[in-house]
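A short worksheet on the structure shown next.
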């Protein structure tokens, strides 16, 4: 369960601040505070906040809940707890994580409808659900006249494209579920940070991120690193950083309404926000060049068959 | 989003006070206060109030909201804001403007049902929607067992007749949606104010109303002015003002439940309210005479075909 | 809109106190207070209270509401007002009068469901509706998944039998709507008060009850008076008063869950409550004797046809 | 109406404390307090609490409510009363007893949905309903889009097996209703307490438990006592008490999510909780041995026919 809250401006910014990875464990509360202030002053009004103010009690344990029948309790009490910590009356969007999926789908959709009808949230979304699960939630909402989810939080970057470019757009056109993406820099990989190996202070060197280090050293990882170096050159050509190019590239995707950033300090944040200026440079020929370079553009088999 | 509030008398008066045009920009807060007091004391209990008490913070900017997915947030937060400014627990009718129509219709109808179920409004209506949009809202309400709108706020005067005389009555008989009309004097045009050109102090001479001045000088505008002069003579014959005749003419229309007035001072208000006395003089022969003079009586093609 | 409230005892008594006729205009507030105390102490826990505590502001004007679209406002604001006057959080049953029927049925049922869902009432009922109207309310409730009414308040006494003995039982078996009856003494007629003409201090001699006096003097009225005299003799035989017999006779009807009494003082109340003891004496032969005497037992044509 | 409340831990413990039998009449408030503290400290977070804190006002009278139409009132007011006594905002599960079944099923399911939608309970369950009644509640919930029950509280021990082992599992697979069982020791019978006759201080010797004493002395009772003696030997073999074996045997049943214990003191509680350690010793051969000994394993005729 994660919450997202905007402000009284009626449009959400296209760049938001995702804070569940870096905040709490990697940066101090003062830096977190300062990052949020700078973000807000820069026009960002989209904060993925569940753990932000709870950093003192933040736990990296993944709470697996396998027992049936407790999802309603979990969703309602979880959101009440978040609202109380955030000192808010309601959040804009409340997200259901994969871990809630063990409860019956009807219970999840009923509980989400309940918190919306109670005024504790404006909308609800899903986080890391697959398209079949999202479609099931939608069907249940239709069957019992409950409120369907409005968007899915999905990982999206150069090397993770299929869901956001292929599957979610289909859902969007059929049932109106949008995409909010996270990890635009693939845990820092796309910034070029790992181009010359794993630095001591990087996430890949931290306990708990052994999988990241492993992936970097695999054959697949090596191929990706060589592509990242080429994209770095392309960023140089556009007079921007590799991170700005990667984020702008996410924003250029039709189905993406917002991209959540994960930053550790205000410099990084300001640099990341610069990606908005890069967006206009991403012309169709340039996108085609990047697609050719990446070599993983998802193919819509159904659409091609129809031609 | 505009709100309408009555009082504890259980019948709404047939004449109401629409305040979104003249209040705020054109008249002082003291005059606004005084106009409302006179109106209330004269039996008017229908106020279209959204911006009325907020005149200090009133903004003439048109807030275009093109982004999807924010309508629920906008409707709920907007109404909460209005209630707080008006210091009311609820309004009688909350209206959705055209600008909200960019959100999915299901979201609008769900949000309107939400504010009614929460006790923040008794009913909801539409403002400047076309009949297809109203019908869609009605269908969505039926499909998801939500609350349908009860009335449409539409422009209605001598030169704008089709919607209120032809299309809305059909809707009223099919789905019970009534009509509340505004601009009975066509921005002052029908008072005879522009009969001898555009006076300096008139609305047509103001910044932002260039379109009105332009319309007055067009061929169509000149034709209308000549008809207005003839209607002035007719008003003289009935011993009333041109404005009173125009307002009484709106009230005589079967489908019209209320006419919202837009006045700048208490004299104008009291004059306008006099139209109720003119109503009884509008006999069928007189209405026929006016129709002949105007030459724009809407024809119900379907009804005629059936004969 | 009338309200009914029980207490924390979970069963409603079969005799209740209807107070809308005698209270306010005919008896003092002190007497009203004293009547209610005696009733409560005698085990009556069913009070039809809408006007009871509002007697200061009680008005005998019949508020005709012919305007469409205000029923939701009227029902909700009316009940809020009653609760505030009665200083209660909720009533057990809220009744919709005939006068509300001018609003669309969907609006009435939605508003009644709203006040129940808001916790302002436990159930809703109808008052003086005909069976077609009740059936329509039930159908609307089914169509839109709203809450159907649980009972109808109907006039019932020796000379008004068809609705309660014939029509409501059919409804009860089909849709579970019970009957709560009022006027068991036909405005005092059955007490024998008018056996020897219209006394000065009686209701029939009061302003506003000309119709009652007229009815008493009609041919039909004279026939009824002679039957009332015979029933008086029968009451003597059973060692009870004419009023007690009349009330017990109402209670003996299968479809009747409660009978509302209308009394002006505590003596009358205590006498009326004595009817419960008479009930056991109403054996089938005695009921048959009374039916023969009255000569107006409703015939169930459909049931007879089936034999 | 009984309530069940967990704590902020998201999983309910498999052993719970049922307090409606022993608390109030059989043990002191101090002991009740102390039993609950020990239970909580031992990881039990499932309390069946309706009468627990109300022990002062506890009444052993069985309130039979046969009148129609009061169930909504009864359920809502009953739960409000419990919450107020327990000083809780909500309970996890509210249970409807058999005695409520006299009201129309639609009214019960609507009232249960109401208390959940109002936030007074997370879920609702049934207590001592038969499978047809549970299925009817489920159907009504589906028909009117209300919330179905999540579990049934049923008696379950060596000599009462059919419902929990045969009928409820079928319901669980079809509609997701789980089983929470009570009376695992059959009123103490299975502890061996009555192996040598009825002790003076036992429940069977108490007023109101004549039926228990009678049953013990019947032919059926004598057969059961001889089986209990054999099970005692089996418990000795497993190095546990007869009570621990009986409770572990309940927990081993697939369809059982929780077993409610009924204890009179903390020693009994701690002994009972030890059953969790016995569970792993209940291997399939041992269960088969116990089934042979008991001779009453329910047969699934339908399943067998299919083979």
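For clarity, chains are labelled A, B, C and D in written order, and residue numbers in each chain start from 1.
Quick note on the criterion: a contact is a pair of C-beta atoms (placed from the backbone, for glycine too) under 8 Å apart; a residue touches a chain by one contact, two chains touch by 3 or more.
Listed by chain with UniProt protein names: A, B, C, D = Voltage-gated potassium channel subunit beta-1.
Model, not experiment: these values are computed from the prediction.
Undergrad: Walk from chain B over to chain D along touching chains and report the minimum step count.
TA: 2
Undergrad: Suppose a student superposes the Cα atoms of chain A on chain D; what rotation angle should they report, nearest 5 degrees?
TA: Rotation angle between the two copies comes out at 90 degrees.
Undergrad: Quick one: report the Å distance separating chain B from chain C, using the average Cα coordinate of each chain.
TA: 45
Undergrad: Centroid of chain A to centroid of chain C, CA atoms only: how many Å?
TA: 64
Undergrad: For chain B, jot down the residues that touch at least 2 other chains.
TA: Residues 117, 145 of chain B touch two or more partner chains.
Undergrad: What are all the chain pairs that meet the touch criterion?
TA: Applying the touch criterion to every chain pair yields A-B, A-D, B-C, C-D.
Undergrad: Can you list the residues on chain D that touch chain A in the complex?
TA: Going by the criterion above, the answer is residues 6, 8, 10-12, 92, 117, 119, 122-123, 145, 147, 150-151, 176, 178, 257.
Undergrad: Which residues of chain D touch chain C once you look at their complex with the stated criterion?
TA: 63, 65, 67-70, 72-74, 76-77, 104, 110, 114, 117-118, 144-145
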